[in-house]
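In the two assemblies presented below, subunit A is common to both, partnered first by subunit B and then by subunit C.
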Partner chain A sequence: MDATQGRLASLRRRRIIASSLTLLAVIATAVAVQSVANRLGDASTATGWTLLVATAGLYLLSLRKKLIQHRLGSVSAWLQMHTYMGSFASIVFLMHIGWPIRGWFEIALATCFAIVAVTGIVLTYMSRVLPKRLSTIKQDFRLELIPALRLSVTKDAHELAIHSASFGEGATLVEFYQIRLLPFFLSRRSWFYRFVPTGFTRRQLLRELHDLDRYLAEQGLQSRMQLATMVQTKDDLDYHYALQTRLRTLFVMHIALTWSLAVMIAIHVVLVYRFQGTVL
Partner chain B sequence: MTKVGPQRDVTEPRFRPNTTWVCGHSDLGFACALGPTSNGKCGNHHPTCAHDPATSGAPACSSCELACHKRLNVEGTPSPWRECETVGHAPCVPVRSAWSVRNQLALNLALATAGILLCMMAFPQREATFVPGSLSSKHAQILDNRVVSERCSLCHPNSHTLAKASGEIATQDELCARCHEGHLPKLHERSPHDLDRAEVKQLTLTALASRGLLVSFGQLEIEKGSQSAGPYDSPSSVNEPAVAPQLQALLTSSELKTECASCHVEHHGRQSDLQAISDTRCQACHAKQFTSFGNGHPEFSNYPAAQPRRIAFTHKAHLEKHFSKKNEPFDCSQCHVDSNRRGGVGSVFRTLGFEATCARCHNESINAAAIDGWVLLQLPSVKPEDVQQSGLGLSDWPSTAQFGYEGSIPLVMRALLTADTSLDTALKRLPESGDIQSIAEYAKLGRDTTISLAGGARALIGDIAANGQVAWKMRLESVLTTALARELSPRELKLVDELCAGLPPDVFRQMQQNWFGERVGGIAENPVTAPQAHRPVAQMASVQDEDRLLGSAEPNEDLLLGSVSEPAAPLVMPKQTKLRGAIHVVQGGWYLDNETLSLRYMPRGHSDATLAAWSEFATLWAGAKVGSSKNSVPLTAFSKQVPGGCTQCHVLNIHDAALRNPDSPWTAISNPTTARSITQFDHTPHLTLPTVSDCKYCHQLANGQAETNAFDLYCEFKSLHLEQCSACHRPNAASTSCTHCHNYHVTVPALANPLSAGTGH
Partner chain C sequence: MAQEQVEVQRPERWDHPLDPNTSDASIDQLLKLPPFALMDERRFAQTAGLKDILKNDSRLLDLKSGDVIFREGQYGGSAYLVLSGQVRIFLTRLLPEDSRRNERRSEIPWLSLFRKQPDRRRASRGARALVAQARPVAFSQRGEGQNARVFLQDVPGVLADHASSVVTSGELFGEMAAVTRSPREFTAVAEDDCSVLEIRWQGLKLLKQDPQFRTLLDERYRSEVLSTHLRETPLLRYVPDDHLAKVVAAVTFESFGNLEWYAEYRKQAKQSAAVQIASEPIIAEEGTYAIGLWIVRGGFARLSRRQGAGHRTLAYLGKGQLFGLRELYHNRIRDNSARALPFQESLRAIGYVDALCIPKQVVFEHVLPFMRAADLPAPLSSPHYQFGQPVLDAELIRPDEQTVETGLLEFMVDHRLMNGREAMVIDLDRCTRCDDCLRACSTTHGGDQPLFSRSGPQYGPWMFAQACMHCADPVCMIGCPTGAIHRDQESGTININPQTCIGCKSCAESCPYDNIRMVRTSDSSGRVRVDEANGLPILQATKCDLCSQSSSGPACQSACPHDALIRIDLGDLQKVSQWMQRKAA
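Right, the complex of A and B next:
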């Protein structure tokens, strides 16, 4: 308990220090850029190089993940540095671009950077929020295993429903399974559910299952309870799948565009120096 | 219990997120523990397994069995173990892991991005693709024209290889200057405000000194307003510890270089303002820093600045004397505002011209000044005994000019006689007014002087009668050249031409005929004993010609009539009135007055070219004469002898460059619309404001008597104060930006040209 509290205190202290450093860096950059502009200097070049260095720093996280043999600090520390440097880069990016952004290439570059930055910010937020939401479910499920587990639950529910047909009141349960539960177990959840996962279907099915109790004897009640548990398990799996898929999709978007961004940044730098006033 | 070793990998294979391939049966819940190979093949096809059920149908070996021992431990759910038995160990189709898909996607996207961009570079539309925004409306045609290919290279020296291939490499600023140097001629200097570097240094040193930023000048002595920047040319001379750091930086030449793109940022859209610049950026170079126009801006001094003028006009006299006498309102806009035109300071001009402003009061007096014509040449009177004296050459002197030594030598005649060096002595005795009777020691010297001048006049008339305008011109050129002691400028030569223009040589031949009785062509005629009727000899009509046709005693005419021996029948002559210039030569021109034996000129009101030319000539000649020892008589009032009082209003300055240059000195100096001084002001929007529309809010007459003939720098108004402007130009009200009142690019030197000296501070 003390260790956990100590870890939390350390994390909080680290966050405060990192946030302060980021804020100081932003203020220093803003003052420097303003000073350059006031001295008839090229503020765009100043912010551009600052942005380039910060962006290069963001790629260090990928490098760190590759270099697992060396002791280069924990990945979580690197991730935290990546997060704050990303925040800094995003603010410098706003200083760098003029508004509105003009030119097809410039718009594409800015859009790419904006997507990467926004997905990064959202990922940072979700990585803090989603674990709390997922922890409300008893069991953790790894995203890669969820399809198999879903299939398993479906098969078990099917077997149980078939087995229920062998005793008298089980026909009611089988009929309900066929009409209401089978589509639930077999089908994937809607896109709406993936964006806004709710327990509406779960609650509705459980209520309807509970309404069958008056038609069921002891054996049927036992089977009904097992089916209710399976409905809850299936819904938990779907809930996990929705939230984790959302996180993974954003992460894929964040990662997938970084290299396109690198290509466009390289071309942008070349064009800037190719088209500047002096003779190369 | 912690599971260790291979047993754990077999029963609960550790999840490896960074593997490229995963078992195709993963989603079914019985992934093979061996997993696919690195190149994406199913592990159950491993050649070392002899019991591959896919090929042999034999039972699986122990390794394969172990691979199916994967159990899913979902709480409360039955195991799908039996599926393993049905599906068995059938080989799967491995699928890419999420990690691999992500990497594949990133790589493909990057390659696609690079490919698309490279393709776009190869296409002709690359300019439209990579241009970072459209150009401003002023430059839009550069990028959007369809005449030139490789349009980027018009501004960007490295954009294409064309410039380098042709060996013509220029910086971007030089490319800017190629188009803009026409109206910003000193753009190539790349110095602040396009000023000379010495001038920038001079201004800065003065500013630093006036604000105490130069602690001690040492050997630098700044003379405020001095044009010379000599002491500051050498950086070594100012490299002293007493000199402020700003100065050290200033004197480094690189500090003085500016780039167009520092202020004019392009590719910000059609509507972007290329001239937009923040006030703080303006102050980057300036010694005096201040927060806003109303807070810290240097106080005006001598603004509007005194300016040279060519019209001797005083607002004070007109306000207090003339307009008040007539009880008329002194409305500034009557003489200064023309809303249909725009000048250097908007719709307000220094003058709207004579006809629109002065003519109402002054036209009458100007026309009345020469109602009898202007006497250019008149014969002096001698005594009859001088005529009879053979040695003097005055035998044919008109009898009407034989009543004593008197008369007047007019300005023009005096100038023409001056070319005759034999008359130097006589002309020196002649007073400025030309009146013979006013000669000093008249009793003693009057006769000799008059006879000399009479002889000179006789020769002059003969010369011009024989040679026409050439003689007139040669005499005037000789006079001016001698007086100025230099070659005449183009403007002065043009002036002499103007003096000769319109002069009818036949007038002089008629003088010889009528006054001296001489035949045209040098054949002596009967001396004219009495002047004939007054006959105007203006260019248009010749009464003389009419007389011939009417049958005067001309021999040629007799021949034409064919009755030499018979006297012509007396014709009834129409009764002619006495010739008066104001009556007979109303539209202007030259005419002979045989009664007074004079040649006269009737001007054509204001702006008469002949009078203007003679006024200029008189000013030039008099100005040259003042400093000359050749003629002791002060001739400063020569120009006043020209009728119309031109020089009462028109200030003709001998030192005015306009008198030597082709420009006319008769037009009022106005702020040229093309010249850009450091300060700009537009009256037009101010005239719409009730508080300032009557001009007196800003332009208040200074106390004291203004000099009406001052022509150097003149201003009869008090200097403006900052508060007068900042009352409106304040935050959240009228603009307070630097560029609202100041130009960055100046085309006139800030110090040298008084027209641009109104820098205010």
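Right, the complex of A and C next:
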């Protein structure tokens, strides 16, 4: 078996092992909690410490990313472990919280945990779906280069449209550019587009551009086709920008809340032990 | 705020000679010996005269009996000229494949000399009859540090067990690996106490300005190819010696294209596929008489078939691969009433190709009768080309014929990507564009800029990122005047020595893939180094070094959280195909 086959087998094996271990851990925790409750023990302390350990384990991914030069397994394996451990922690979290949640701090902590968990689930889903959508665009664009590329295509479109006025074929293309294309090239896309990027505007503009053909001669037609390509490029850039920004924003949110959560958990543990009641 | 600067003298070509201890007297002595005594010093530039070349680009090696000069499979950038004594060239492998595979990796440098190269394409050359019967070969180390040398014990015993040839005073050897940028094909050992002059590739290139030396080089190059490499072809492994001698006598060695192909490629890259293919030298053409069996010796060749008005690439053939065997075998076993078949595909040189041709009659008489049934090709049931018959149109999609889809294959050949041994391929269907790979690269290399760019040619969801591919044929090395860019003898990775890089940009300009960048240099205090003569910054070449200083392998690959990035040998289509067809995990 060569290295590539080995890699694939190891990915599948990793998934099976991780799923089984998560399931076993959940069952074991549920049995243990039930056993503690049956013996009139403090089940919330048991689930609390389990949750603390599991949550601490989730931070190991960040640590692994920092120690990139060490031979500690691939980050993808650690991410997979993070995902399964996150699932386990979320289930234990549900076992741990009492309902209704009492106290503003406890509500804030629970909300923070829930948002981190939800962003984590959404990130997992989006990291599988969005790359495929991004790769449907013929060319890949790096997020930090997109503003410069947008500016470049806007400038090119402007020059081309102005130049087309000198063909002696009338001002059809320039007028259309001024009224319909200039706002498209200059404006940022709406918030709605950033959440649900669609090709509606692009298709409409391209159709309208195509409708101009009957008024254009040879040189005008060539310019029209070049403008159509630029509209397509601008739309591709906007599409990439929208999807990549969405992913990064969610990732930043997940990370930022993760560290807030760490602080809140620490306060929660201190508070629990500070005000813990004792049975005489 | 302007960055602080420090004025320094611009580094020059011979700031770091191969042997700093070489004296003028020893060079004068050398100039009296052939072939240097026969050279015309006026043919060399004043700034790089014959004496300068010998002083800076060569060194004298005083060897004892049994000293290993280099071993098979190592990469090397030097040729060797025997000044006195004798050197043995071992044509058979001294260490059997199995023992080397089981050998534990050692950090002791001299032991690593005998470590197996991680080059799977070479594995097929494993079985050689002589080795099977040979007694184990023992090596020892003499001296320490820089002067350490590995030597072969019991030279007479080893000579009795292994086929070898002798190189005597005035003869050159080892230049082929240096010229073709390929691994050594044999092991060279000092037979008795001898003196050998090592000439590094950069000097060798300058010495070639002299026609006398060029002739010596060419003659040696050809005879070496014919005598050693035919024996290595798996197809000929069971051919008896007397028949092999007939094959050796009849075989012809031919070169196609240009060794410095990158300049032409840059011009052709923007042309249409048809123009690109038309510019590739034809080695053998479909529909023409199958006149012989071609064996690719070096470089890559495009195997294609006409499709409509164009040509469809079926595969690319690399070192050791054959062309024409199917047709010749068919013609050999056909009924007397049936007509001979012409070549069914075309073979074209991509860049530069070294190839051997064994004439048809010699294949019939001295090769085919000794081939094992398992090695014989399947009969041609529905040939596309038959003399006197209309040409059958090829089916557009024949998955059984190719390992990867046609479009991808064409793309890789057109972009010369098959040259990459450690190419960075990113699966954009998985890549979330998180840039963890870039950050990992940057962190591993001291927090500076990453040594690659997450951009590059794209085919569907596959991006061939701009990271050094550590090519099979590293053309970036050709023009380097100091040897700063070199191939690691053991791992085969291409590295840049910052001590000897003079910032001439030769490598960056010759890399066909734009994977080498020139960056400003700074001293230990972080001050930018500028040329004291004109104030211009001192540049240095930089590129991916495959994290050679790190024990955990390429950081980019291990840092990818989604398994979207791989460093892969694009010459191995089966591996590429397996990776690309993997299921979502």
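FYI, the second predicted complex is superposed on the first by the 264 of 280 C-alpha atoms of A that agree within 3 Å, B and C clash if a C-alpha of one lies under 4 Å from a C-alpha of the other, contacts with A are read in each partner's own complex, and residues count from 1 in each chain.
Keep this in mind: a residue touches a chain if its C-beta (ideal position, glycine included) is under 8 Å from a C-beta of that chain, and two chains touch if they have at least 3 such contacts.
Since the structure is predicted, the reported quantities are computational estimates derived from the model, not experimental observations.
S.K.: If you stack the two complexes on chain A, which partner ends up touching A:A262: first (subunit B), second (subunit C), both, or neither?
M.R.: In the superposed model, A:A262 contacts subunit B only, not subunit C.
S.K.: Look at A:K132 in the shared chain and tell me whether it touches subunit B only, subunit C only, both, or neither; answer first, second, both or neither.
M.R.: second
S.K.: Taking the superposition on A as described, I'd like to know which of subunit B and subunit C A:E159 touches: first, second, both or neither.
M.R.: The first partner, subunit B, only.
S.K.: Pick one for A:V75: touches subunit B only (first), subunit C only (second), both, or neither.
M.R.: The answer is second: A:V75 touches subunit C but not subunit B.
S.K.: Examine A:N38 and indicate which partner it touches, taking first as subunit B and second as subunit C; both and neither are also allowed.
M.R.: first
S.K.: For A:T233, is the partner it touches subunit B (first), subunit C (second), both, or none of the two (neither)?
M.R.: First partner only, subunit B.
S.K.: For A:G98, decide between first (touching subunit B), second (touching subunit C), both and neither.
M.R.: First partner only, subunit B.
S.K.: Per the contact definition in the header, classify A:L247: touching subunit B only (first), subunit C only (second), both, or neither.
M.R.: second
S.K.: Who does A:R15 touch here: subunit B (first), subunit C (second), both, or neither?
M.R.: So A:R15 only meets subunit C here.
S.K.: In the superposed arrangement, does subunit B or subunit C reach more residues of subunit A?
M.R.: Higher number of touched subunit A residues: B.
S.K.: Just which bits of subunit A does subunit B share with subunit C as contact spots?
M.R.: 138-139, 142-143, 248, 251
S.K.: Per the contact definition, I'd like the list of subunit B residues that touch subunit A in the complex.
M.R.: Touch residues, subunit B against subunit A: 15, 22, 26-31, 72, 74-80, 83, 98, 101-102, 105-107, 109-110, 112-114, 117, 120, 128-134, 152, 156-159, 169-173, 258-263, 267-269, 278, 280-281, 283-285.
S.K.: In their shared complex, at which residues does subunit A touch subunit B?
M.R.: The touching residues are 37-42, 98, 100-106, 138-139, 142-145, 147-149, 151-153, 155-156, 159, 226, 229-230, 233, 248, 251-252, 255-260, 262-264, 267, 271, 274-280.
S.K.: Sort out for me which residues of subunit A touch subunit C in the complex.
M.R.: 2-5, 7-8, 11-12, 14-15, 65, 68-76, 78-79, 126-128, 130-132, 134-135, 138-140, 142-143, 244, 247-248, 251
S.K.: In the complex of these two chains, what residues of subunit C are touching subunit A?
M.R.: Interface residues on subunit C, with respect to subunit A: 428-434, 436, 440, 443-444, 454-455, 458, 460-461, 463, 547, 550-552, 555, 557-564, 568, 575, 578-579, 582-585.
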